[in-house]
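First comes the structure, then the notes that go with it.
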Amino acid sequence: DALATIEANKVIRIAVPQDFPPFGTVGADMQPKGYDVDMAKLIADKMGVKLELVPVTSANRIPYLQTNKVDLVISSLGKNPDREKVIDFSAAYAPFFNGVFGPAEVAAKDAKDLSGKTVGVTRGAVEDLELTKIAPADVTIKRYEDNNGTISAFLSGQVDLIATGNVVAAAILERNPPKKPEIKFLIKNSPCFIGLNKNEPALLAKVNDIIAAARKDGALEAISQKWLGAKLPAEL
Amino acid sequence: MSDFTTWDIVRNLLLAARWTVLLSLVSFIGGSIVGALLLFIRTAKGRLGPAFVKAYVEVFQGTPLLMQLFLAFFGLGLFGIDVPAWLAAGLALILWSAAFLTEIWRGCVESVARGQWEASSSLGMGYVQQMRHVILPQALRVAIPPTVGFSVQVVKGTALTSIIGFVELSKAGTVVTNATFEPFKVYGLVALIYFCLCWPLSKSSQILERKLNVAHRNH
Amino acid sequence: MSLIEITEVKKRFGDNEVLKGINIDVAPGEVIAIIGKSGSGKSTLLRCINGLETIDEGSISVAGAQLLPDELHLKALRLKVGMIFQSFNLFPHLTAGRNVMLSQMVVKKTAKAEAEAMARRQLERVGLGHKFDAYPDQLSGGQQQRIAIARALAMQPIALLCDEITSALDPELVSEVLAVVKELAGEGMTLMMVTHEMRFARDVCSRVVFMHQGRVHEIGPPEEVFAAPKTPELKQFLGVLH
Amino acid sequence: MNYAFDYGWLFEYWPVLAKGLAVTVELTLVGGVLGVALGVACAWARALGPSWLRPFVAAYVELIRNTPFLIQLFFIFFGLPALGLRMGELEAANLAMVVNLGAYGCEIIRAGIQATPKGQFEAGASLGMSRIQTFWHVVLVPALQRIWPALSSQIVIVMLGSAAVSQIATEDLTFAANFIQSRTFRAFEAYFVSTLIYLALAIALRQLLRGVGWTIFPRRGAAR
Amino acid sequence: MSLIEITEVKKRFGDNEVLKGINIDVAPGEVIAIIGKSGSGKSTLLRCINGLETIDEGSISVAGAQLLPDELHLKALRLKVGMIFQSFNLFPHLTAGRNVMLSQMVVKKTAKAEAEAMARRQLERVGLGHKFDAYPDQLSGGQQQRIAIARALAMQPIALLCDEITSALDPELVSEVLAVVKELAGEGMTLMMVTHEMRFARDVCSRVVFMHQGRVHEIGPPEEVFAAPKTPELKQFLGVLH
């Protein structure tokens, strides 16, 4: 029983990203920070145990969990049926304001308008799952390793449009690049979940309780404001 | 969103480069020891030993190092064997380097003239004595340039340890780029640091080789 | 009693039967010259006697002991029989002196001082006492070959096998090596040598073996073999050379 | 072990794997052939070429050999467009492979050229051949034969190194593995399968190169 | 008129003056043997005549044309003068036939069929017509050297330079190569050959050049040079060899 182990050891090990802003990134001191990191801190706090952050990538985050090297994965995980066969998901803990962005001269009001275009996206991220679902067959989706790849592909003109989070697009705009990503349309608001091993009902219940409480007492709202610059949507 | 100054970037990359150096040293030194053992087995008479080393080399040279690292860390984890990341990284890198070094050195041993084996045999020396006193001293001289040359591959190979959680130079570069979105600056610096680490190695390998060729011509 | 007894020795490389039943007995102190065309199996025969090749049939015994292909027997054999090669095969990373000392120290576990004394004695014997500290690549071919002889002698063998030891030498260096061999013969060393130096064979050897297609085609004292060759093959062979 | 391996996804995702395999093979073939050609040209320039050309080739070789492949790839794919040179990810990956193997091949082939006995150059010259003719007709083939095993190993290394191209969205074998694991979270299975394919590819490639060697070099042991 | 005129030729390697003023005139059809100790400059002289080394002083002219060290003049020269080396230098990746065809096709742009016909003719001439498709490493040293001769002949030179072309051969193979050279001499080919085969030099050559320390020390018809050497150096040299 993972929960019992955590409480006995007084330590919870949580996998967080460090190359996926704004959910996980680093400061100038190379310490992890971001939405997912704050969420991890919140959970450790509420459980009253020490937090051990384990930085992961999209390639190894699930193996970390499956080999019991971490107890939870908080890495802006999106849900799909295949994934649910392998691990369990908590209640949603974060919204994801995903949109398709592109330069002013490219017109695209909804998914149908992407037809014939090339869209860049970060492989395995929520927007990858969602865009793949809604895009017409003749859209070319280029899947890059990380946000930097996606953004570089956009800035260097390798793709027409990108699908990414609002905050990432805002970060590009901040640099005032020659090519400005403007919002074209929002992808269905798909939330993120915390991942944990199967057959850990106690831990799952505990995490869900903490999320529910955090939503009530405004802690989650505060994290959302801090990292996404937006209110938590009501439907979360 | 980014609070990195250029100095922060350089500092963090240099700090991460310490891992690159440490991992390189471990894998090179360990790889040399294991490689030397394998070399003895590979060049000895008999069937089983050489065949084993051959298969070993085939597997470690025929699969991506990334996967070897992945399997050493997570694969063993699946079986409930909890190896710490540094051990898995060290192990995989050592086994990987050993495979290459054994092959490099075997070539050098084979480059020693057959007459040297025969002359030492006819003087009554056994296999280990021949290797120790006659073959290796000659092979070693030839082996130094390609061995130093291979160390460059080791330095670059350590980049793949990020798959099991090491934030060495390459990974630090990725992490910092994803915080700053300044790929050209960051990757330029990463390339520069790699170049500073590797170039002295390749250069000295070339110089050694040239020396050796000159020495050879005097024969 | 014979020192080296070679009985019905056969040797194949794959399908190629290189030695087809060789019989030679060598008495102590004999000097045997082996002559014959390229490919007739001369080198192979010497290499078999020294255990560098294993024989397929027949037997070879040296000083009464059978040649067997395991490490222990081979080592014992090689302490009795020294071999010198066409290409010298000195160890290039060691000085002349060290070349001569090495096998004594490694194989016989002779103490260093003793090995060195022996090395100096043997180098003196081949006329190269002053080259003790020279490296092989600082020496002429003739000098290198004499060092190789000293190296073999330092193991105090009871017989020496020489495979075309002057063939890789410039013509003017041949005589200095042959002089050393002649001296050894004079001192009673048992010698089996493959050679193209017919004049030397005639002057120094007690018997000449003419090999042809893996067989001993003619054998006898040099006067007989050279002056009155019996077979057309030997006649032709000697004709070609002169 | 409490993990249950499940290869059910293979049924749904095998086209992704097949495409990945095809791309990796394509990259290896194009990179191998053009890379060796570039290597030969550079080796000629460094060993026998005009002296003004040598420093440029040397700089290229040093630069490539002493920096990671991934970063070379990034500069080609994201950097060259800034200079007005835009290419798709497959072309960029191909170019990176050629440039990379060209540099390593250069050094290997150069060693083969330098091991050519002086007599071969002299025989060519004394028959009236120019330096280039001697290189092309007399020196090159035996030089390649001399270093063929080393060159083969390098081609296999470059093939395995091609995994990095997945980072610029080139849909090679590693991309396929990553893609599949990102959808199914079956990382072990995906990586295990791709590793086996890489191993099979490496073995097959080595056999292929041995075969190529047998056909272009008519005699074993001809060059030593 | 002389075919090859060598006038006051000097050649230095660094501080080492290897040729110290050589004068030789070779008439068409002459067969010149060059003899002398190792290091006396024999090879260097031949290499200078073939333009493989540039000379420091003096002049060499072949068939009236001066030897100049640019590609164009060199090529023209080498079409007139062929060279054969001690170590054969056959191209190991080409068959015997291809070895002979290559330079014709590459240098003279001869059509393939024609080059092949010429190759067959020349291989026939050296007695190796049946080895057209053999690779060098399938041939004996003597055969390889005869192919090298055929290769040089296929370019239809007016003179041949031979540098110790039998020194790397096993004794029994020497005669087959010398037989070919003798035939060439008989057909009127101009030959300059460095050799250690004194008997051959005596029988076949029109003049013998004895080189000593970079100079032509004695020159004359073989009867004179061998029977009545004038200088002690030549006496000593001949003495060593016999």
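Order as written gives the chain letters A, B, C, D and E; numbering starts at 1 within each chain.
One rule holds for everything that comes next: a contact is a pair of C-beta atoms (placed from the backbone, for glycine too) under 8 Å apart; a residue touches a chain by one contact, two chains touch by 3 or more.
Bear in mind that the values here come from a model prediction, so they are computed numbers and not experimental data.
**Q** Tell me which chains count as touching both subunit B and subunit D.
**A** Intersection of subunit B and subunit D contact lists gives A.
**Q** Between copies subunit C and subunit E, what's the superposition rotation on C-alpha atoms, in steps of 5 degrees?
**A** Angle of the fitting rotation, subunit C to subunit E: 175 degrees.
**Q** Using C-alpha centroids, which chain lies at the maximum separation from subunit B?
**A** E
**Q** How many angstrom between the C-alpha centroids of subunit E and subunit D?
**A** Distance between chain centres, rounded to whole Å: 45 Å.
**Q** If you average the CA atoms of subunit C and of subunit D, how far apart do the two points sit, in angstrom?
**A** 51
**Q** Can you check how far apart subunit A and subunit C are, centre to centre, with Cα atoms defining each centre and the answer in Å?
**A** 81
**Q** Subunit C to subunit E: how many Å between their CA centres?
**A** 36
**Q** Can you list every residue of subunit A that touches 2 or more other chains, as numbers and ranges?
**A** As it turns out, subunit A has residues touching two or more other chains at 59-60, 63, 66, 152.
**Q** By the touch rule stated above, which residues of subunit D touch at least two different other chains?
**A** 3, 74, 78-79, 187-188
**Q** What residues in subunit E touch two or more of the other chains?
**A** Residues of subunit E never touch two or more of the other chains.
**Q** Please list each pair of chains that are touching.
**A** Every pair of chains meeting the touch criterion: A-B, A-D, B-C, B-D, C-E, D-E.
**Q** Report the residues of subunit D in contact with subunit E in the complex, numbered from low to high.
**A** Answer in residue numbers: 117, 119-120, 122-130, 133, 137-138, 141-142, 145, 217-219, 221-223.
**Q** State the interface residues of subunit D toward subunit B in the complex, per the touch definition above.
**A** Per the touch definition, subunit D meets subunit B at residues 1, 3, 62-63, 65-71, 74-75, 78-79, 114, 153, 156-157, 160, 163, 174, 187-188, 191-192, 194-195, 198-199, 202-203, 206.
**Q** Inside the complex, what are the residues of subunit E that reach subunit C?
**A** Residues of subunit E touching subunit C: 37-38, 140, 170-173, 175, 196, 240-241.
**Q** Could you list, by residue number, the parts of subunit B that touch subunit D in their complex?
**A** Touching subunit D from subunit B are residues 58-59, 61-67, 70-71, 74-75, 78-80, 103, 152-153, 156, 159, 170, 183-184, 187, 190-191, 194-195, 198-199, 202, 213.
**Q** Can you check the complex and tell me which residues of subunit A touch subunit D?
**A** Touch list, subunit A to subunit D: 58-60, 62-63, 66, 80, 82-83, 85-87, 120, 123-124, 128-129, 142-145, 149, 152-153, 155-158.
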